[in-house]
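Next, two complexes with chain A in common: one pairs it with chain B, the other with chain C.
This part shows the complex of A and B:
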C-alpha cells in the first residue's frame, strides 16, 4: 500500500478541483476536465510505448477511433432486420442485445454497450497485434511512416464508410451503464460522477503503467530503447516485448475512445485524424518522453486548454508549434525546463557563434 | 564433449567472405582467445555465435545442442553471455538497473503480473536486486550502484558491462576486446578478473588485441586472418608459429 502513496497528492487535487468548481459555481469546467482525462489515458499509454520503449507511433488516433467508432456503431445500428437469423437469437439469448430508440422515437435493437465496449477493445488489440508484427520490425522514422500510413487508412475508412456515418460520424450513442448505478454519459445530472469515472480510470491506468515500468518487464522495455542489440544479448525477446507494449498502448487508446464516445454521445472522423496522432506525440514529448507524470500533466493541461477553445482556430498550429519548440529548447520535456538551462544553453551557443569572427581578428 | 563446437562456420556479405570454414572448439573451464589482424573476422565470428548474424554455412553447438541460426535472446537463454567491443550499456538507467537486466533470463515476471505487481513479482524483484548487487560487489563497483551507467569513466563502464554479463550466470562468456581503451594497470586488472571468472565455473572466449594479456591468461589461441583460421595452439606454440608471425609482421 505504501507504494500507492505517491498518488495521494493527485487524488487530493482531483477531489479538490471538483469541490472548488462546486463552490465557485463553475461546474462546466468538469466537462472538459473529464474529456481531458480520457485523452490523457491514451497519452500515458503512448508514453509507455514511445518514451520508455522508444517506439514511435503516429497512428494512435487510429486505435482511439477503432474503439470509439466500433462501440458507437454497435450501440446505434439497428439489428432488427436480422431478427429471423440464428446469430440474432444467439446474441439475444446471451443477453448481448438491448433496445433503444432512434431520434424519431422508433424502436431499435442494438448491441448492449458493455458488449460493444468489449468488442471494440478486443478489436483494437487484435488490429494492433496484426499491425505490430510487421511494422515493429522497422525503426525510427520508418516506423513513424508506417504507423502514419495506418492512421491515414483508419481516417479514410471512417470518412468513407456509410456504416460509420461518413463525414457526420455517429451520434445518438446511448449511455454506457456501469455497476453501482453509474453511467457514462454527458447528461448534467451525472457530470460529477463522470468526472470521477474518468479520473478513476486514468489513475488506474497510471498505477498499472507505473507498476509495469518499475518491474522486470519495464526494465526490458527501457533496455530496448537503449540498445536493441544489447537487450537481445541479455535474453530480452525484443520483438515480443515491443509487440506487447504496442498492443497495451492500443488498448489504452481504445478504452479512452470507447468511454469518451459514450460520454460525448457520438464520435466524428476528426477523432481519427492524423493531426490528433501528431498532437498525442507532441504531448508525450512535452511531458518529457520517458516520464509518465509529465505525460499525464501535459495531457490534462494541454487538452483542457484546447477543449476550452483557448487556441481558437489555431488549435493544430499550436500543437505544431509546441512540437518545434520542444525539440529545439527542451528535448527532455518541459518539466526539465524548470531550471531553464536548456534555453540558456541555446542562446549562449547562438551568441558565441555570432562573436566568433571577432575573436579571430 | 566440448562446451562450444564451431564447425565450418562461414559468413558472406555480398561478395565478401567475412568468415570462411572456421572450426574450433572450447572445452569447459577453459580460457580461449581469438586473435588476428583488423578485419580478420573476429567480431563477425562472435556475432555468428551469439545469433546477431545468421551464418551462411556451418554450425554452432553449445554443449552438443545445435544453436545455429537461433535468435540472440534464445542463445542468451541457452547460456551464452557477451560484452561488446564498443560498450553497450543502457542509457538513462543506473548501474544497478543495468546489471538487473542481466537477471532477465533468470526471472520470469510477465507483462500482466508485472502490471499488477503481484506479491510473487515483488519478491522476485528483491531477488533480482540482490543478485545484481552481489555482482557489483564482486567487481568492486558496488558504490557506483545508483549512478547513471553511461556517465561513468570508460574503465568503470567496462566493469559494469562485465557485471551485467556475469549476472546472467552464463556457461560461456564471450568478451569482445575487454582491454580496449584501458591503460596497462587496468589491463592487468582485467587479466586478473578474467582468471577469477574462470574460478566461477564460467568458460571464457575472448577477442583481444593486447598480446601480453592474451599470452598471459589464455589456455589456447585461435588465429584468424582474412576470415580463415590459420592456427590454433597453446600460447607458446602460437608465438613461434611461422605463419602467425608472417600475418602479424608481414613478410
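This part shows the complex of A and C:
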C-alpha cells in the first residue's frame, strides 16, 4: 500500500482539476485533458523503452495507428455481406457481433467494440514482437532508421488502402461500452466520466510501469541501458528483455490508440505520421528520458497546449525546437535544470537518517 | 514488356537512382568524418531547389543555381557550427535526435518561407514536351542533365578525396580521428567542411532534379530515407558502392510501378531497407569480416 502512496498527489490533482473546471464553468478543458491523458499513456510506455532500456523508437505512432485503425475499421465496416458464411455464424454465436446504423440509418453488422479492442491490441503486440526480433538487434542510427521505416510503412498502408479510408481516415466510430454503464465516446453527457476513464487508465499504466522498473526486470533493463555487453555478461538475457519492453510499449500505444479513436469517434492518417512519432520522442526527451514522472508531466502539458492550439501553425516547429534545445542544453530533461532531483535527494537523505538508527539496533 | 517501355522505365530508374546516390554520398561524407548520420540531409536537396527557384526571377538560370548551391553550403556550415561543433563527445542517440530536430526546423522554416505550393525550375533545355529518341523510347533531355550532373559530382568527389590535400585530410579524419589530430589535422574544421560539401552536392542535385520531380517544402524526408536506404545498401561509408546501390534502387522502384500501385512505391524502398538491415547490415558490397568489427 505504501508503494501506491506516491500516487496520492496525482489523484488529488486529477480530481481537483475536474472540480475546478466544474466551478469555473470551463468544462471544455476536460476534452483536451482527456486526449492528452491518452497520448501520455503512449508516452510513458515509450519512456520505459527509450529512457530505461535505451532503445530509440521512431515508429510508435505506427503502433498507435494499428490500435486505432483496427478497432475503428472493425467497428464500422459492415459484415452483413458475409452473412451466409460459416465464420460469420461462428462470430455471431460467440456474441462478438453488434448491430449499428450508418449515417443514412441503414442496418450495419459490425464487430463489437470490446472484441475489436482485443483484436487491435493483440495485433499490435504480435506485430511488435515480429518486428522486434530483428529490429532490436540493431543499435543507434540503424535502430532509429528501421523503426522510422516501420512507421512510414504503416502510414503508407493507412493512406493507400481503401479498407482504412485512405486520406479521409475512418469516422463514425461507435462508442465503446464499458461495464457499470460507462462508455468511451465524445458525447458531452459523459465528458466527466471519460475524463476519469482516461486518467484511471493512465494511472494504472503508471503503476504497472513503476512496478516493472522497480523489479528485477527493471534493473535488468537499466543495466542494458548502461552497457548491453556488461548486462549480458552478468547473465541478463538482453534480447528477451528488450523485446518484452518493446512489446509492452507497443501495447500501451495500441491501447491509447483504441481508446482515443473511440473518444474522438474517428481516426485519420496523420495519427500515423512520422511527425507524431518524433513528437513522442521529443516529449520523452524533455521529460528527462529515464523519468516516468517527467514524461507524464511533459506529455500532459505539451499535448494539452498543442491540442488547445496554443502553438498555432508553428506546432511542429515548436516540437522540433524543444527537441534540439533539450538535447543541446539539458540532455537529462528540463527537470534537471531546476535541480529538482537535488531537492528530492535532500528529503530522501533526511528520511534515511531518521530511519537508519532504528534499522541498525 | 516492349523494348521501348523497358528503356523508358530504365531511364526513369537511373534518373531517380542517381539522385538517391547523391543523397547517399552526402550521408557518407558526413558519416565518415563524424560517425553521425545527418537526418537533415534531405533538407539540403529541398533547399537547393527552393532557393534556386526563388532566385530565378532576378538572375539567369546558371547563376541562380550557383547561388543556391553556395547559400545551401553556407547553411550547412551554420548548422554544424551552431549545433554540433561545440558538443564534446555526444552520444549517438543525442546526435540522432538533434539532426532530426534540425530537419524538422528546416522544413518548418521552409513551410513558412515558401508555403505549401509545389514549384519547379524550368527545363534547362527545351520544355516539358521536348524529347530525345533513344532506341525508340522518348526521354526528356533533362534526364541527361541529371545523370550528367550526378556523374560529374561523383568524379569530382573522387578526384577531390584522392588528389587534394584537404580531401586527404578528410579521409585521414575518417580513418582514425585521433591519429589525424596527432598529425596536426584540424578535425573540427574537417567536420564543418564535410557538412559544407554534402550540403553543396545535395543542393546541386536538388536543382537539376527540380524540373522533373518538382520541389516542395516536405520533399526532404522521403529523399533522406531513400538516400539512407541506398547508403546502407551499398555499405555505410562506401561512396562508390552507393552509386551502384542508388541506381539499383532507382531501377527497382521504376519497374515496381508496372506491378504495384504507385502509393506503395515508397514502401518498397523501406521494405528493402528493413530487409537489408536484418540480413546484411554491412551492405551488399561490404565485407563481412570488416562488419564484424563494427557496431550495428
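In this text, the second predicted complex is superposed on the first by the 338 of 361 C-alpha atoms of A that agree within 3 Å, B and C clash if a C-alpha of one lies under 4 Å from a C-alpha of the other, contacts with A are read in each partner's own complex, and residues count from 1 in each chain.
The criterion applied here is as follows: a contact is a pair of C-beta atoms (placed from the backbone, for glycine too) under 8 Å apart; a residue touches a chain by one contact, two chains touch by 3 or more.
Source: prediction; values computed, not measured.
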Three-chain arrangement built on chain A, chain B and chain C clash or fit: fit
Dominant toucher of chain A (residue count), chain B or chain C: C
Which superposed partner A:152 touches (first chain B, second chain C, both, neither): second
Chain B versus chain C as contact partner of A:327, first or second or both or neither: second
Chain B and chain C, minimum CA distance [Å, superposed model]: 5
Footprint overlap on chain A, where chain B in one structure and chain C in the other make contact: none
In the complex with chain C, residue positions of chain A that touch it: 54, 56, 58, 134-135, 137-142, 144-146, 148-150, 152-153, 156-157, 159-160, 274-275, 278, 281-282, 285, 313-314, 316-317, 319-321, 323-324, 327-328, 331
For the chain B and chain A complex, residues of the former touching the latter: 50-52, 71-73, 76-77, 81-82, 84, 88-93, 97, 100-105, 107, 109-111, 114-117, 121, 124-125, 128, 164, 168
Residue ranges of chain A in contact with chain B within the complex: 3, 208-209, 211-212, 215-220, 222-223, 225-227, 229-238, 244, 248, 290
Complex interface listing, chain C residues touching chain A: 37, 83, 87, 92-94, 96-98, 100-102, 104-105, 107-109, 112, 221, 225, 228, 232, 261, 263-264, 266-267, 270-271, 273-274, 277-278, 281, 295-296
